[in-house]
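We just call them A, B, C and D in the order they show up, numbering each chain from 1.
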Amino acid sequence: MTDNPSPSEPLSYAGALLETMRGALASNPHSIIMGQGVDDFKGTFGTTLGLADEFGAERVMDMPLAEEGMTGIALGATLNGLYPITTHIRADFAFLATNQIINLIAKYKYMFGGLFEVPMLIRAVVGRSWGQGAQHSQSPQSQFAHVPGLTVIMPADSQSILDMYPYIVENYRGPVISIEHRLLYDLEFNVERGDPNRLENPLTSRLIREGSDVTIVATSIMVLEARRAAEHLAKTASIECEIIDLNSPSHPDADLILSSVRKTGRLVVADTSWRPYGVAAEICRMVCENDPSALQAPAVSLGMAPAPCPTAKSLEDAYYPNLTDLTDGIARLVVGREQHGVPLADETSMRDVYKSFKGPF
Amino acid sequence: MSGDEDYKRMFHQALRIRLVEERIIDLYPSDRIQSPVHLSIGQEGAAVGVCNGLRDTDLLFGSYRGHAYYLAKGGDLKSFFAELFGRATGMAGGKAGSMHLAAPDVGFQGCSAVVASSIPHAVGAALAARRLGKDQRIVAVFGDGATEEGVFHESLNFAALHDLPVVFVCENNGYAVHAALSARQAYSISKLPAVYGIPYTRIEEGADFVAVDKEFTTAVADTTGPKFIEIMTYRSKEHVGVADDFHAGYRTDVEFRDWQAKDPLVQDTALVEEYQPAIEGEISEAVNFAETSPLPAPEDLLADVI
Amino acid sequence: MTDNPSPSEPLSYAGALLETMRGALASNPHSIIMGQGVDDFKGTFGTTLGLADEFGAERVMDMPLAEEGMTGIALGATLNGLYPITTHIRADFAFLATNQIINLIAKYKYMFGGLFEVPMLIRAVVGRSWGQGAQHSQSPQSQFAHVPGLTVIMPADSQSILDMYPYIVENYRGPVISIEHRLLYDLEFNVERGDPNRLENPLTSRLIREGSDVTIVATSIMVLEARRAAEHLAKTASIECEIIDLNSPSHPDADLILSSVRKTGRLVVADTSWRPYGVAAEICRMVCENDPSALQAPAVSLGMAPAPCPTAKSLEDAYYPNLTDLTDGIARLVVGREQHGVPLADETSMRDVYKSFKGPF
Amino acid sequence: MSGDEDYKRMFHQALRIRLVEERIIDLYPSDRIQSPVHLSIGQEGAAVGVCNGLRDTDLLFGSYRGHAYYLAKGGDLKSFFAELFGRATGMAGGKAGSMHLAAPDVGFQGCSAVVASSIPHAVGAALAARRLGKDQRIVAVFGDGATEEGVFHESLNFAALHDLPVVFVCENNGYAVHAALSARQAYSISKLPAVYGIPYTRIEEGADFVAVDKEFTTAVADTTGPKFIEIMTYRSKEHVGVADDFHAGYRTDVEFRDWQAKDPLVQDTALVEEYQPAIEGEISEAVNFAETSPLPAPEDLLADVI
């Protein structure tokens, strides 16, 4: 259990999740956590560890294998006064609950003219690396954000979790799907505590770094990659990247993104999923419908290769966009030619950042 | 005699539901109701019998075939017709139509047009009721076809596992759209609940609301765990829409006539005569209310999304 | 049953579907049709009518209510030599089969390194009007087209069905999801028969109308709307629209679209679903990543309002983009100002086109 | 004696599977296998017994816990290790890893890492077999936890409804990840098949491959309709990964020791000694093959998508 550490203390992503899960149970007696293995000795990769002991098995409920059923049960529970938090240790399993999420949860308020509200939180973890393969690696943000009624968030660091989860559980009246990234879990980030209301709207995009040469809109772990690329490019080529953490694919801050693109004239989108009909597409729509002339050069987007995810490490390394790809893409865009002469960031450094990740559980 | 009073009160309710739906049939060709309607004519007894013992604080979840339960649970008639007419005064301001009725003030928690999808909602509501110490019965109503969907099993398992106070009510009208049970189910619905240790009651005479009420009340008297009630019933009209469909060949009107022979609303002509005028008056008033109600405002289109 | 009519005969969309379904069964003894009610007296809105009698209940199989199961059964059937065609009378019900479609069918070839192929066709019908409401009106093209491994098509007229379905059933080795539009079923279109191989690749976009002022990329019923808008604008304001029927959201013809946008400098996208993360977004990505300077003005997109679908006709009319909206949007874009002075097409004429549609079955 | 020969042959197979997985355990710390592995150690008897009577033309669908069935069905060992090593010579060229094994040449039709999701595939394959007049048995293998998923019920219903020649094999190892059966299931798996009219056989001694083979063969002798076989078995290692996990508290090593007492691979040390050297040699050769095989080519990344 993490007790209130002092300001700007490092806190892992998993630690922030555990802290906010604990907070949800402590602050709201009506909240419950439901998911496969939430009460076991691994505790959802550590993010629900010990909570069943502390709050009881009735509030931290292990669930049978029944994603559609569980999600419908959560909806019924919130309609009758509980605040349910459901978990999917792989976002891919949420596809078994698509009917409840898209046909029911997203619509329950509107369909009945506002007679009901469905506050609830669905946590879905994206897998990556160590041969997760085709069925344990998907990142469904665009498929859910396409649907009105759903709020989709993708916390990119520990601070985002601290900023959003308590706000959602305590103040937000709609259903939220949070897409967490497994590779972030073990990473530590500096967090600032203090004013819990420091953000006017925690569920939208954030400016992460200012810069004049290029706008990078990134999601989840790609925000971290963007930071690393920005540092590298600033140091080696005096290229200044502006980074926006999209944070909420369903509710991006269009003003923030557009004014940044107007300023830099260049756009890079780096997302965790496939590019077609994904985050890059939506950001491009925003630009095209508002101010296509803001783009002084073609936009660049990075995402998973257009294939299911292979398991072999050599293929997987090529499947996901890495720091080399990102720095190369940015440099080409900013310098304006293929042979940009900017030294590329060393791909092997990824290993330091992601530590050594093994196995799905 | 109280039994007699019960009969009359429930008869009145059932007749009211039937006359409401018959009015819908009358109105339908005028295109004033632009919503797919799944009529309950023939099935009113089930709804009236089930709801008779329920309080407003008891919660019921239904399906697209929801008119009868909406009314039996106590939903307002005016906002019902207004909803079907797509008016701002409809129970959902015109967003629900016939398939998504709800009336949370009387515990009618909504209807889904995706078969079987509201079954887990009742289970979840029962979980909340238990956890929050609410003295509530929670009821899921669904058709025979809904038992074919996997989520039905997932819901029964969870309810049984946690011994939740939920009542599963299966209205078995013998058909899913135009397909008979035997073409779809290798199992007997009656055998499923026992697998999960859920007490099962079969109510043979679904038209007989007094019997339904009695047997239902007995079956759910012990409120500690899940219960399963199968009510044998009969849909008189086509699956969706207002016409008869005995010409279509998937069923015969022999079964329809058999059913009518058991239907108090057909047999007890005296009571029909007694009640009909007042009910028709009430219906006309509701229709008039609907008809004279304003359309939703343009800004309603984007209200209540999140 | 439609016997080979002579060239350029009118054929309804439903008629084309019935003809190609019949053709699938007749030409390939291994093909089967599976779906709820495919054998009943309504025959999937007429598109499978009589086929159970003609080919037997074993080949035109009524299915229990079990979308996930049915879809998995279809996958297993194709792995062992059948060609299954599954039906969903509302595309919304396909959300119950998302796991099989996205996690299994889309990946079965790649995940096993090409050891298997999964030729099959999933038909999903989009509902609209007559109070279909929130759960009977969705159009999931972008959610499926986002996923590599799936081919997603949206036939916009009878000809497209004749061009694509036999090709898919007889020649295509991958899984196809066809999103059909219920409002098109009763409409008649002129079809040309003759050379079945007249199109090099039937499963991509088509140029429908040439024009110099604006490029309209449309899907499904919006292609029809675009045609009507184009005729109206040509007649009343000498605005010449170029129309591209996207036809395959998963495999659009980027060259065709880009060269059209370069020519006209203006882009309108008209789709049947929500705009965020939808077809407009993907087309905008195509433009932004290739040639944003091609756009001389902000792009315009039309789709469903950002809400679940309401049932009241008055709200529904506002929910869906109509001919007035489309002509207005195009006129504003081409003339370059809000007060464009172009007479708008009469919205009520929609009634003639769509006839009077009633009820879902 | 043929019985004895059978025993020896199956023992050899089971031991080979165990030694393969023990080699995986040895190799794992070296990070040469970068794939989540769900080991079958303890469960080999089920796979060997089930597959003994199957021909290459019979089709089997499995899960992420697929090593034992891949090998028992006759999958090639070299391309198995090459696959785990992520090499171009792997059975799927490095795209499948441990969780998605397949070997269509011997009727192993693929494994899914989504629990229960391959059950309907077997049903569909059986539909095709019947329709196309193929003389095939079709087998779906899944765990006890898989019976909680709705699609399991949907699959049983359809198979029974059409009397399809599919064999449902449930490997009941008592746990789904770390949760015991009783925490997840209000039902007894043994009672479910009867609801659908599917004959059920429980094989109590899953470690005893000879018994499994015999009982399985008897149970599926009549090939006309679906069959359900539950095999009681035991997973020795952690759910995923190569470690023991008896310290974790969700189960005790008492049950493990009980199991070992029944495990021929533990008890029959003489036969282990006889077979082990040759098998180890074969495994080393396969590992060497894997290790010296090329990585997939960059262009493989985008091959075989559609």
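In the analysis below, a residue touches a chain if its C-beta (ideal position, glycine included) is under 8 Å from a C-beta of that chain, and two chains touch if they have at least 3 such contacts.
Not measured: the values here are computed from a predicted model.
Enquirer: Could you work out how many touching-chain steps separate chain B from chain D at minimum?
Expert: Steps on the shortest route: 1.
Enquirer: Based only on mean CA positions, could you tell me how far chain A sits from chain B in angstrom?
Expert: Comparing mean C-alpha positions, chain B is 42 Å from chain A.
Enquirer: Chain A to chain C: how many Å between their CA centres?
Expert: Centre-to-centre distance between chain A and chain C: 32 Å.
Enquirer: Any idea how many Å lie between the Cα centroids of chain A and chain D?
Expert: Spacing between the chain centres: roughly 35 Å.
Enquirer: Multi-chain contacts in chain C: which residues touch at least two other chains?
Expert: In chain C, the residues touching two or more other chains are 63-64, 66, 68-69, 92, 96, 99, 103, 110-111, 133-135, 148-149, 306-308, 310.
Enquirer: Would you please write down the residue numbers of chain D that are in contact with two or more other chains?
Expert: In chain D, the residues touching two or more other chains are 90, 93-96, 100, 112, 114, 148-151, 154, 157-158, 161, 184-185, 305.
Enquirer: Which word fits how the chains touch one another: line, ring, star, complete or other?
Expert: complete
Enquirer: Chain A touches which residues of chain D in the complex?
Expert: Where chain D meets chain A, its residues are 31, 34-36, 86-87, 90, 93-100, 112-116, 145-146, 148-150, 176-179, 183-185, 239-241, 248-250, 295-296, 298, 300-302, 305.
Enquirer: For the complex, which residues does chain A have touching chain C?
Expert: 68, 92, 95-96, 98-99, 102-103, 106-107, 110-111, 133-135, 138, 142-143, 145-149, 249-250, 267, 273-278, 280-282, 284-285, 287-293, 295, 297-301, 306-308, 310
Enquirer: Can you tell me which positions in chain C touch chain D when the two form their complex?
Expert: Within the complex, chain C contacts chain D at residues 30, 32, 58-59, 63-64, 66, 68-82, 84, 99-100, 103-104, 108-116, 148-149, 151, 173-174.
Enquirer: Which of the residues in chain C come into contact with chain B in the complex?
Expert: Counting only chain C, the residues touching chain B are 36-37, 40-42, 62-66, 68-69, 92-93, 96, 129-136, 305-308, 310-315, 318-319, 356, 359-361.
Enquirer: What residues of chain D sit close enough to touch chain B in their complex?
Expert: Residues 148-154, 156-158, 160-161, 184-188, 191-192, 195-197 of chain D touch chain B in their complex.
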